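What follows is a set of structures for review.
Okay, so chain A shows up in both of these, paired with chain B first and chain C after.
Here is the complex of A and B:
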């Protein structure tokens, strides 16, 4: 194998896996998947299989950069270092950066919610097929984002030359940042990664501890039952779609402002779909879904690290997380079939 | 004089397709009674209750509850007027607990107003459960509950929302006899306080006798009588239910039965809940005869049809077509034994509604050698010629053979099914509700075709909920009741409808020897 022995390859993988950097990378790579997966969870619990989630990531990634850029420009307001002095200028810049990334998140949320409400309108009110509408939404974004990029930044492939890279703060956790290994692993991530972990618990509580969650689950499982006790099924599904847009949009923000630093065409690279797969495998349970999302993120990180070995073509390694997703889905459907068979045998 | 709590006065409901489900139906229920609403399938009982529960809007008539005229536009309003419905198919969410299902839509919240108060949920459930002596475990998930427990939850769901008038739509259909007795005790207990009233929908007359105070009879969408249960016998009720008007008479010669084609031996089928739907049933159908199967729906007709056509496995016994057992055979293999089948569910099993007339007619035979060219491709020239001929012969009104089936009227869709099923040269035809919901012209045509096939020496097994059809078309009749054959009438022309009604409703029952005559050779 290209001059490497099998034991060397496994040795290399082992050396990758045992480094704390690799695990920190896993946590980072999982963030966008997990946002998408949490959004899918809520939609799935309300009975909507939301395929538009990948388009959501692609579009909100773009919207984040645009909002970030405009707000920073607006805060700085044309002031130059030479005019106001370095100290004042730096203070303004810091303020602009903070306002920028917050605007990026908020802007993405607003757009994400609108996109998901549009999707919901097609699926709930116009009774369009959810899978086809999802594909339609994704294709729409594939064309719309480059078009808007061309109009706003003059470049349809990326926003790299339009403005400075995004600036989302990195959080150094006190105490932990001074402990070796743990500091690499848990400290020094982007703030969105911590928000993401918090969202797992928020979504879990929302679905299982609140009245709205109870209604979402009831509507998704037996809409007739929900309707017979006076629940407005349509309203609940719209609420779930809105929440899906809210949580999913942060995945897009992470991709552009944190992971890449700017927006490029097809920035999600299918991460929305992987998130959707994680939510399907986890049966829309936020905790189980999170575990699957981390498994996929782990493969994502492994693929990137293995490039150093220049043994496999990089395309092959990029395939790893998708391949893992596929294997996961196949195992899931086998176990589902077995369950059905068992249930039938019981009769 | 008892106080009238509910009056449905001259209710008329016409469905969008023109079907008149209720015509000037009047139902008057007194406070604190158990009122039976009886009638055959399709008599309009369920429609009437849907109108009361706000699921359907009537075209005419008025509803008066507690002396006040009300308009009920949706189930929520019905609940507010104190009307609760216990659906035949439980309206429950399987993965949620009993308590969660109970409070759905009116969830108690904790002090912070954010989270659900699970303890309060359980307390509310236990309170109402104890009050009405319908004991359930609030923490159990619905999917882990027994059928009886689910039914209790369904009743409690209505009670916890303040229902004073409870509608129970055939609640015993899913219960064993012991469970039914237990339910009746609970229901009597419920109305004992004088505050609650029950409308009990059923077509099991002994249950009506055992449980109810008064009854209203519906027939063909009209209310045809009411009575105190104590004043009438089961036979009286059955006569009110099954009276008929002869609309179509079929001209036919007496049957000349020959050798046996279909043989059903000791057939026993349990449904998905483990309930016995057919219990040790034996009969045979011979060439040149039409054997009708009559019975109130839910007495095993559906399971019988599914078993013979290979759509369902059976637990004990055997089914033979031309002396070959169909056990373990696929639907296609069974058809190749000389079987054809008009399914009761036309749109699901009868046709592929988005496919063309041509493809639907060819669906059972396209793979056969005679329709293939020598290169193994479909021989469209030959297929088109045959399809055109069948369209003409079976009077299918369609623009072209390539028209989508769903564009046709109900009667013409059924003619497409019949064109396929009758032209495959079968030895035995299972006609399951062959004319349900179609126009008179198509009905007459299909019935005459069945008789013509019989005269050609085919065997026909006719399952129908339409008494006219069973009595007019069949040569002999078996009646299913209580999941067994209750009667075998060798010469259907000598049978009076009220007598058939008595067998169907379990008022009368033949001896085992008399029933055994249906097994030939």
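Here is the complex of A and C:
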């Protein structure tokens, strides 16, 4: 194959896989997938197939950048380095950056919740087909984000001219940062990555340990039965959509402020759908979903690392996460079918 | 007045109201963001008719939209929301059209046949594109039938892979340095669809599209498959218990839709492009959703809805080029319309009241007798 021997190729892949940088990259690249997956987990548990999650990531990525940029400008307030002196200016700048990313997360959450509530209104109250509405919502965002970008920043394809990079802090964990391999693996990630891991347990506790989670699961399992014991199905589904927007929106923030650094058109590149697939595979169980999200993130990272070896065309490596998702979905369905067959045979 | 008439009337009201809400919203946004809203509105509304070139652009957009609209219309009628027509639209021309560029020695003989050679080549590529489209288009439904995966996500994953494949084909396999961009060698003259109006790219592809709209109408309303597809789309459980294989109908419809989209891709690139240069989503497949859902129950209306979208797009481009209002506004508007048309219960309260009132009136009339 292209002048390379098979043993060389496998040796290369092995050298990629055994490096701790690769695993750190896997953790980083899984973050947006995992946020999307957790969001769709909650929606799926309440019985809503949330296709709009990809649009949610695309739009919240943009909203984060806009909120970040405006708050940063507002905090600096037109003060210039020459007027206030370098030290004071740097202090103000740091404060502006911190206020900026927090505003980015909050703004994205607000917008994400609004978008999901709109989606929920169409699906729950207007009884629209969830797939079709989800597709419509995604198309809406593919138009809305460039539209707002052109109106606000004067550039429809990205926000480079208006905004420099995002400054989400990197967290170095005190003890772990001194241990050789663990330091690259677990320490030095963006704060959102740690929030994301915390969110897995938060969502898990929310779904399985609280009354609200119980109601959400009951509604998803059988809306009629839930209604018969006095649960307001509509309200619970709205709550679940709200939570979906809340958690999913942080995926968008991560994409723009941390991963890319700014906003570009179609920034999600299908990550929302991959997250949705992960939640399908994990049967909307947050822990299982997390494992599948890490598997897809692993393929994503592998595809990018393999580019160093110019053996495979980069396009085929870009296909890798989508292909893995497709195969994963098929394998999952086969196992599900076998289970049903077995259950039928038992009867 | 029967209930059916009331339902039909409310269906029409829903359509008109959805479009009206979206249009009004669009106008309000223009009023807010533009420095010169009247100028923007003028470009948006009358812009497309101000020159032959712009009018030609509408027809250029209608050509592929007719076929992807047919595809999506079939999909929506059968309640199968796979997005694969976009993928078929990209992949079919990528695999069929470049054949003529690569094997110029074999196909060069067609040039000597004149118009006849062109007819042979275009017909063959339409057939091959249709077959490839049908194969690709049925994959998500095949997976659904065999293993029960939801076809929406699988089709989106396939589309993402097909975009990368096209990118690879154009940049690595077909790449021609002389083009200056990432594109293939130019199509030979005999391999293109005849252009109809000088100075525009309006070609005979428009007639192919119109023919296929009629074919779609025949399929939907005059074949067994079409009847089954409509029944499945309306109520899958009812269809299942009437003895219709839901999965098989979905598969056949997806295959047909994929074939239509594939033909659309082939005919579009032969009539529109000088070289094959598709390295990203064209968007025509997704626009097909708008065209298909607007003409929902009547494929004969597809040309009108395709023309409407083409008109809006050209109007938006004219507006975007000449004023400060971005052309993406139209994307926002059309997707809002898609969402509202998907919402079955929009105005359901009013419809319910109308049906109740009607029943009461009929009752009263009966008592008077």
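Miscellaneous remarks
One rule holds for everything that comes next: the second predicted complex is superposed on the first by the 347 of 347 C-alpha atoms of A that agree within 3 Å, B and C clash if a C-alpha of one lies under 4 Å from a C-alpha of the other, contacts with A are read in each partner's own complex, and residues count from 1 in each chain.
Note that in this section contacts are C-beta pairs under 8 Å (C-beta built on N, C-alpha and C of every residue); 3 or more make two chains touch, one makes a residue touch a chain.
Worth saying up front: this structure is predicted, and the values here are computed from it rather than measured.
When the shared chain is aligned, no partner comes close enough to touch A:57: not chain B, not chain C. Of the two partner chains placed by the overlay, only chain C lies in contact with A:127; chain B stays clear of it. Counted by residues of chain A touched, the larger count belongs to C, out of chain B and chain C. By the touch criterion defined above, A:273 reaches chain C but does not reach chain B. By the touch criterion defined above, A:71 reaches neither chain B nor chain C.
Looking at the shared chain after the overlay, A:225 reaches chain B, while chain C stays out of its contact range. Shared-chain residue A:135: touches chain C; no touch with chain B.
Taken together, the two complexes place no residue of chain A in contact with both chain B and chain C. Residues 74-76, 79, 85, 87, 90-96, 100-101, 104-107, 109, 114-116, 157, 161, 270, 272, 274 of chain B are the ones touching chain A in the complex. Chain C meets chain A in the complex at residues 33, 76, 79, 81, 83, 143, 147-150, 152-154, 156-158, 160-161, 164-165, 167-168, 171-172, 286, 289, 293, 326, 328-332, 334-336, 338-339, 342-346, 348. Of all the residues in chain A, the ones that touch chain C in their complex are 49, 51, 122, 125-129, 131-137, 139-140, 142-144, 146-147, 150-151, 156, 269-270, 273, 276-277, 280, 313, 315-316, 318-319, 322-323, 325-326, 329-330, 332-334, 336-337.
Against chain B, in their complex, chain A makes its touches with residues 205, 209-211, 214-215, 217-218, 221-222, 224-231, 347.
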